[in-house]
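Which chain is which? They are A, B, C and D, in the order written, and residues in each are numbered from 1.
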């Protein structure tokens, strides 16, 4: 391959943009960057919705049956503003659904995957721009369905995000939310279609459209994580889609895939039967366990990139990192049963799943050690993205270690479905993924908008979020140790949990503080889009290909033909004077380019 | 290197030297014959030459053979490079694994039926089996015998 | 196109951007420079994507077929319907298999022609493929599904399939017949407590259909009456009174057999009827002593009449023809009585789930072939035809497994 | 600034450990915020395992937390003294920190198998080695627990079965086997003080067993979402002395015989 540098093709002014052109460019755009930003903005909006739903849950747990402030008299005028238990079930169902299916998965794969993949591998766009556009627009019917589900009178879907039948399959079991549950299923299925379109596109793009010289083992870890995530989605999601269709048929046609014979629900015989509720749980978790990794792997990848950049050091153990991502993905498919230890699953099966589950902690541990190795002996710059990335490492340790309790089957008997598990997955998903997402927004914001976000505000945002999230989620471990069950609208009438109210109130105050701190982020984000200080191509002096493109990149991304000579983490390389060594910079004379620098 | 060429033709000519027409005709005929074979296992079973389970097994073998023929020849996997393994093997392993893991819970579900559920469970339409509760506990492997009993009744 | 490249005009803030703006390079594609890529898989992007898509499809059908397998083999022993029970015709399935195989073959043929740029031949091959695909769907829609629907077999909590021939089933039959006007003007003795209870259970059933178009032949009317008294009422009488020598469960099974015979039970049914005749003779002698003498007399007469009709029903290749089929096919009566098929709901659920999703895939394939037929089908369309072909072979592949699983097992 | 941030990360292990210690020690701010009192002979093994994993993970938690802090403190760009260590990793280290956790995790996995087996796989046997018959059948329904005691003949599903709702009485110091099932949707039979949790599935019968060693009244919690009234599906577990239990059973039987309702529910 020879270096072919062709002059760029952007920068002409065409101020008289027609409406049609505007729509083609910003609405139904096929450009991966615009689609990525569309994903980013919509998911951030949903993030706000999900956060407010969480506050609703926290209100009920801290002040059970007390009038809900602001919206109480609007929604529950008949009950004097107090939340109904049905509404509470809808709240946590929607909180989980929104956060998982409309925030975390699309913000990682949709927003960052879309924006970063072509840029980081030196491609001009995704392999299939139209498919890419469709994957975004298939989210909108899903949005519509979930809103229909939430606003369904009198109650929204309330079977939890796991939608376990028969509660979800037989409409008599949850009177009031009959069609809401069907809307919910449709929404999740549509999100699945969208993700599937995205994932095949990402895989093709990463496989086929890497810049010359960019071998698989020179890919940034973000791209590796996105690649493995896409594989997870492609293989696991169809099973959920199949199961979703079966549950839709159970609800609408009256087949009985998940409904056993002889149910007596609400004093009425349910007529169909012959199925098995556990079948849904197996099919559901066959997707949703890998989905857990779909929700963390890209975050791990992005954190690795940020850590290496601000520790000014190569990633410690690049290949072990890649292998552990792949290992997590591989093992991720054979551990779904650990969600079902007390579900009535065959105990023998539980034993095999338990061993596999224990083993999946291993690659995660390897990753943590490698991150620590990366910052060891570095030149650590405490920028906002770095702080978020460091907190990811710190918090992920908590989330990972608490997972071992759940993996141990006998212990899981006690802590299953208690707040211990709530603490665990919030440490992974909020303190982990969401913090990584914040960090990534601060990190790649200059690339996206050509401007930098305010550092001081960013650090305040980090500090407050970090404090409040620990105040919110750490104490949940303690609640879980008492056996405090999740999904109860009023746990305090149990003598065992009566005394936990003050702690729950403290948690609620922290949660309110956490949501409130995001105002700083929102203000910083929107202010910086228009008024932030302008930056050049490579404000962080990073190595990745994306930093070689203009900020923001024009259509086609690169104004030259990128040729890759090395991996993305060659910081402080002895070969060059500067502490960074971009992937596209040819080696100085007399230096033999190593075949494969990463070990 | 022209993009157009790269996209459409560059790598497509691995097997384009001669037409595989006769081969494909052969494969199509083989597929039709194998379909007939599936049928013949049914025939063998009805004439009490093989058991129901054996007939099922043979049918699945025939199906796998047919599937292989389609994949290898019609879908051109025979002429593809090594990527075919990377793609096909994990998918097949995973799909088999999923089904296998369902068996202990869902496939064996009659073993832990409650009394109420047994009362509502579909009854074998055999008037001579009075105590249906006992028949439920048998593994499904005996179904063929039951059916044969019926036929010989 | 040309305007698209300026979308970031407003954000352009790149200090390092020292390239000129006049040379658009290979600007024939997107309006930006044509990037080169690292050597990757030696296949087209479209094909990579399609194979990846097919592997997701493998998992999708693995979920569906896996569900079928565990539900089918986990069903209570001896209850899964045989193909005959539910009007599955293996011959039709085999025909469809062959149709799909031929269409797969013609796709490969078309692909070869397209590669050689023989456009006419390629187009012809694709047309044949399309027609065969259409044929597959046609057979499904004209023969296979109607065969199930017309016999009342579909998955629904309000469907006609009953998994057990019990008092609920008997009551459902009785109510259905009553809804068709089977009850004579002359009132029969009031139902006893057992039937009351059964009626309660049937209350949730949908209102029975009424022959709206008024075409009910006298023969049909008289047959319906016979089943009402000689079948449903008789069975309820036996269940309530428990005469010596008659087992309520056997009677209920016999009612189910009269309405919808499962061929594997025909011997047992014949055996039972023979036994019942003996008991009936005894009953007849002592009928007058019964507290429900008048009713019993009438029921016995109707029972005889019904059994006579059943005996005279035309035979099918698998044994007796049920009253349901007779009414429906020979007397052109429009409605169906409840039928007893053990595990029938689950069967219907899985059958329609699997074949339905397969048929949906066939439909998508057909749409793709229409698109191909609109192109010249030359060398340039090789990639398109190959992709559609791969998809079509996959659809064929799924059917290869569905055929034995659904039609022969 | 860097040093301040390092200290912030140091607070994580410090406060984390502090909170757990405060919760564990009796008295103080977090009194009673720990595992509820265990009254099951078989339950101690779960508590022990919990504590074992807690200590093990605690060590790793503190270790990684301190390391993170130390690296941040030492290699802060403003104050660092050493040159940057340009390294791509270490094979030896990778192998060490792969094998050590792997061995530990495998050890935990094997170590706990007995506890799992004794809780879920090996039901208690009577003197003859036959499976011990169930004392009571618990049926979850929206939103209450229905109980069916074996009655005088010690056998379930006979005419003398005794029916109650929500009040689960069991004798102390005796192996108790309970059949759990559901009538409508999923519930979960959760006895926090017994360390017992079992989802109940409609149409599926499962067994749980325990041996209570302390009399008193405890909670029976539904731990699986079962609809809008999930929160109020509260049962009470009464562990009685053998005499009290017999007395209660007799009383329940008399009450049942004297009311028509009971015979109706028997059907």
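A few comments on the model shown:
The rule is simple: contacts are C-beta pairs under 8 Å (C-beta built on N, C-alpha and C of every residue); 3 or more make two chains touch, one makes a residue touch a chain.
Because the structure is a prediction, the values reported are computed rather than measured.
Counting C-beta pairs in contact, the pair that comes out ahead of the other among B-D and A-D is A-D. Here the CA centre of subunit C is 46 Å from the CA centre of subunit D.
Separating the CA-averaged centres of subunit A and subunit D is a span of 30 Å.
Centroid to centroid, with C-alpha atoms defining each point, subunit A and subunit B lie 37 Å apart.
Multi-chain contact residues, meaning those touching two or more other chains, occur in subunit A at positions 235, 239, 260-262, 273-274, 276, 278-279, 286, 348.
Residue positions 26, 34, 36, 41, 45, 52, 55, 59, 61-63, 67, 70-71, 74-75, 163, 343, 346 of subunit C are each in touch with at least two other chains. Across the assembly, subunit D contributes residues 183, 202-204, 206 that each touch 2 or more other chains. Remark: the chains found to touch one another pair up as A-B, A-C, A-D, B-C, B-D.
Put simply, subunit A touches subunit C in their complex at residues 1, 4, 6-14, 17, 21, 24-26, 29, 31, 34, 122-125, 127-128, 131, 196, 199-201, 203-204, 207-215, 234-239, 241-243, 245-246, 249, 253-257, 261, 268-276, 279, 283, 286, 449-451, 534-538, 550-562, 564. Residues of subunit B touching subunit A in their complex: 90-91, 94, 97-98, 101-102, 104-106, 108-109, 116-117, 119-122. On the subunit B side of its complex with subunit D, the touching residues are 109, 112-117. On the subunit C side of its complex with subunit B, the touching residues are 26, 29, 34, 36, 41-45, 51-52, 55, 58-59, 61-63, 65-67, 69-71, 73-80, 90, 94, 97-98, 101-102, 104-105, 107-109, 112, 115-116, 163-165, 247, 249-250, 253, 256, 262, 264-265, 267-268, 271-272, 340, 342-344, 346, 380, 382-383, 389-390, 393-394, 396-397, 400-401, 403-404, 408-409. Across the complex, subunit D meets subunit A through its residues 1-2, 5, 8-9, 12, 15-16, 19-20, 23, 30, 32-36, 45-46, 49-50, 53-54, 56-57, 60-61, 64-65, 67-68, 71-72, 75-77, 80, 82, 84-91, 93-94, 97-98, 101-102, 105-106, 108-109, 112-113, 115-117, 119-121, 141-142, 183-186, 188, 190, 192-193, 195-204, 206, 217-219, 221-232, 234.
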